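Two complexes come next, and they have one chain in common, chain A, joined by chain B in the first and chain C in the second.
Showing the complex of A and B:
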């Protein structure tokens, strides 16, 4: 019996050791701190805080994971951070007030939402030139791209629409009306659905990507939280399309949703005003940025449990993970 | 039975006392239910109304934000043991009035041993109550790591001993059963409310620094913190020291109090007015 116990605990240690073999790095943009916080994905310790331009919000990794693109909104451009030297090595044009962007699956171009002048700017990351500007609704923000890179979905906050844009012709193919103040758009990995969160409407619309029709609207209810505080923003869906995570803003919760039945399974308590989400390697964990409490929360995906919160800079906004 | 008692006799004595306490406990199913209902009411009702009391802070041993119901569970575990400790002090008074105390104290084994056995019996009962309470709390989404339940056991033993020893000490002061209500008002409630059981100490500090210091010196706070840390596989060394220290002091005083030659019983002329054991 004792032998079996020992063997079991040894096995546990080994499996824990191998889980730690993923050396990932978490990057968090601090909107007010004007910096990027670098966190070791294994120890969850902050390893560096890199000063960048003003009001960094949306961040995403380059295709080769060597660079981080940062929407430095108040500098009206995109900064390129080299992840080995942790130095800003260049800028990309973006049009005024870039807030959120999405990189084409091929690694180029970058589609940028310009909140103040109602445009989506298409930026070539290699040449640093603007390829096209697509006029969209008022206050564009959310950006989602289909896995094949052919369809771009942009949401405009004031128009309350999801615009389906052909990435070849840069023309709007369809507009889908969603609930008030859509903030975020995310394609499922099979490209069949687009999930759009509406911050004021308090819903997530699941849109059939081919028919461009809403097939389901997910609503939220947390006991003890007033409905106005349930403001969905960031969305992450697992590759197997089994689970979806939705950040609920000032409700300080992340909703765990069965992505097949659209049923909310659980509400996880995280820090204050949770904005955006990003999966860690292998989708084993998911990180949430908590804007007001200045930290990120680490959620175990399998256990659907918050395991830790880590303090970062002032007003954390975007999060990206390098494998 | 002449000369020094053998270890076998010590064991037999322990067995007898724990057995009697267990029997008493099993025969009082209402007591078991009552012991459970009290913390469950707090967990289900009070915790629902006080969700926001924690605000946004992460305090050790927690590594992230926790719901209020998660926060108060260690406090309610402490509450179970506090009430249990007082309950056993009540039964001591009862035993004294009924005369079974005299039978017990007539045993040739040392008095400190008899009283410690009595304490251990009470702690065993309280651990049983805590186990059932935690099992119910598990379904209420209070789910500490599984090893936390193991590391909790030594903490429960220590905190149970401390609160039991306190009960024992108090029982040596009580003349009659009717005075037990006084214990409730003067010991249980202040101890429970002026502690970290229901609200974190930093919250108390915000409103009253004086109360904060009182809470810090309240042994019950340390029992709760010892339990809280143990439930997450950690040790709060300050609390551990405080609980061990208080246990020794309370137990020493209780043994003194039960000594018929020197103790308070003798001074008062014995229990039930009919002369103390051996007096």
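Showing the complex of A and C:
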């Protein structure tokens, strides 16, 4: 306990000493490296590589931005990394093989997709207890939460559905069939739409969140890239809902999309096998994790241009940014 | 392996009941309580809006067919002897289909037929056709497969071949009611050849088993060598009778035999062994006269599936399979799963369970099955062969996946594997 207090206060001193008003920090999970790479958002220098549990994939910040929750898939739990001390300070139950999760906008609970068990597990981050388990389709993965926290959307990869779950009753309200192997679900900031990427189907379905119907399907085409390689995974949409970014996996591209007209504006060449995306502060930049080339790409949002790449650990997968 | 002739209908139960039973077990609840919970959940499911709209689920019965036979045990003592190859994969496919089906009010069931001989098999299929069964997972040899596919009344049924690798089923003996899930020998030999050429291991020494299946693979290897520019520097037949897998100090004799078999060969890069029944090929690695890798039916092996495969979400399928079957997933299990999932995917997407709709969807442009191979799998229109990447695996590690980068095709690189449309006499669709 004393040790933890000391470590905590030391970390506090350090962060007070170094943090400017707009300093941000980028955290990247390295699936094969069993580590989290910490990058200074201004200098884009790697400041630390933190060893964590086996096969870290999905990562997300706690509501107060003091902790990072990490799906350590092969350890079958979630690790809690204290961001001041950069020490793993605890674990949360998750069920076997957690891959992706989403935090309630209020900061609690955490909704975890358990690929092995066809379940969504609802975990209380304060007590570390499981509040509920919701049976869903085969291989649940993508997790999106409405801005008001009332609706959870989970995608199941082999069932190819987006399940709309009431977060009060933990009951499924609707199932929307999308294209094959849906991997990611993202609500727009106004809560009106859910975007779901289908990796094998090669599309992004835009779902009306109230009607729970697909209103548009975005398709992709890059000259010289075979269609099967265009595999959408991570999605990020700007708060003003003007632009959306979609990571296209082994096509090594991030698509920039007009989020009003759904027209693809541009394909940005990033590293190899691009997985997930996260905006930097003020949505001025967006970062992509490039699994096979062991780096992240830094994309200038206004210019729609890749400005830099930063080498991280082995097989980078998830990314989160602390303001 | 039981030789008894029986047919059994697997549980119709969807997953809600299943997971509640599992939860109850986990918490140490007695079986009657678990059953009561399952009933409660079923009652709840009946109240769901989907159920209210259409009370009767769309039933999709599927039949697994095989003829009981004693398969030779694997030569290696560390390999498990598996007696439900194929069937276990089909069962998991049914469970996965039902997990999806409960959201769509569809229900899948498996009738398992293990016939004692070919005659009984035909009689059983006739009876099942008369009952209205139309989907068959055929874990059969080529002649058995063609015999049931050609039965009167089978014309509008669909048989998914999960076992026979014979190239003739893809080039000449095509049937519009047969879909080939199992990769052909030509696909496998091509997958291996592309990798060897990429490594510039282009000089091959062939050691050919003398069983008909071995010679069929030899033919595919010759074709692949010609196609991809490899040179066969030497070819030796090898006859070996299956003997006891266990024998004290047996290695001493084998060590000498394999050295003798492989000496005085012109310079070569790899030894390609053809031993489909697994009776001597496993003896070759590390015992050759020259220090050379062994590939083919042993050593580095081309296959539709391997337990070492955990790419593209494969971990989930492997874990789910081991939990349900109690053994690792072998190639025929994967094929069984793919066959049942093909039906499920077509029914889910079309909302129809009749074989004409399902067949049209499976060979149409829309069908794309997510099957842990990094891209959607489709069926070739001309011979209804499943297009798929082929794994190249050693006994314990995935080594590569073909097609290899750089082998191009105007349709899809997957069509660089096996008999392409102009090389096949089949024009099914």
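By our rule, the second predicted complex is superposed on the first by the 302 of 323 C-alpha atoms of A that agree within 3 Å, B and C clash if a C-alpha of one lies under 4 Å from a C-alpha of the other, contacts with A are read in each partner's own complex, and residues count from 1 in each chain.
Please note the rule applied: a contact is a pair of C-beta atoms (placed from the backbone, for glycine too) under 8 Å apart; a residue touches a chain by one contact, two chains touch by 3 or more.
The model shown is predicted, which means the values in this text are computed figures rather than measured ones.
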Quick one: on chain A, after the overlay, do chain B and chain C clash, or do they fit? Just give me the call.
fit
In the superposed arrangement, which partner chain does A:252 touch: chain B (first), chain C (second), both, or neither?
first
Does the superposition put A:161 against chain B (first), chain C (second), both, or neither?
second
What's your read, chain B or chain C touching more residues of chain A?
C
With the two structures laid over each other on chain A, which partner does A:201 touch: chain B (first), chain C (second), both, or neither?
second
When the two structures are overlaid on chain A, which partner does A:115 contact: first (chain B), second (chain C), both, or neither?
second
Chain B versus chain C as contact partner of A:144, first or second or both or neither
neither
Is A:234 in contact with chain B, with chain C, with both, or with neither (first, second, both, neither)?
neither
Counting only touches as set out at the top, which of chain B and chain C does A:97 meet: first, second, both, neither?
second
When the two structures are overlaid on chain A, which partner does A:226 contact: first (chain B), second (chain C), both, or neither?
second
Just the number, please: smallest Cα separation between chain B and chain C in the overlaid arrangement, in Å.
11
Residues of chain A that lie at the interface with chain B and also at the interface with chain C
none
Residue ranges of chain B touching chain A (in the complex, touch as defined):
48, 51, 56, 58, 63-67, 143
Over in the complex, which chain C residues touch chain A? Could you list them?
15-16, 19, 23, 50, 96, 99-100, 103-104, 313, 315-316, 319-320, 323, 341, 345, 348-349, 368-370, 374-376, 412-413
Chain B-touching residues of chain A, taken from the complex the two chains share
223-224, 252, 269-272, 292-293, 297-298, 305-309
In the complex with chain C, residue positions of chain A that touch it:
96-97, 115-119, 133, 135, 137-139, 156-161, 163, 172, 175, 177, 179-181, 199-202, 226, 228-229, 231, 250
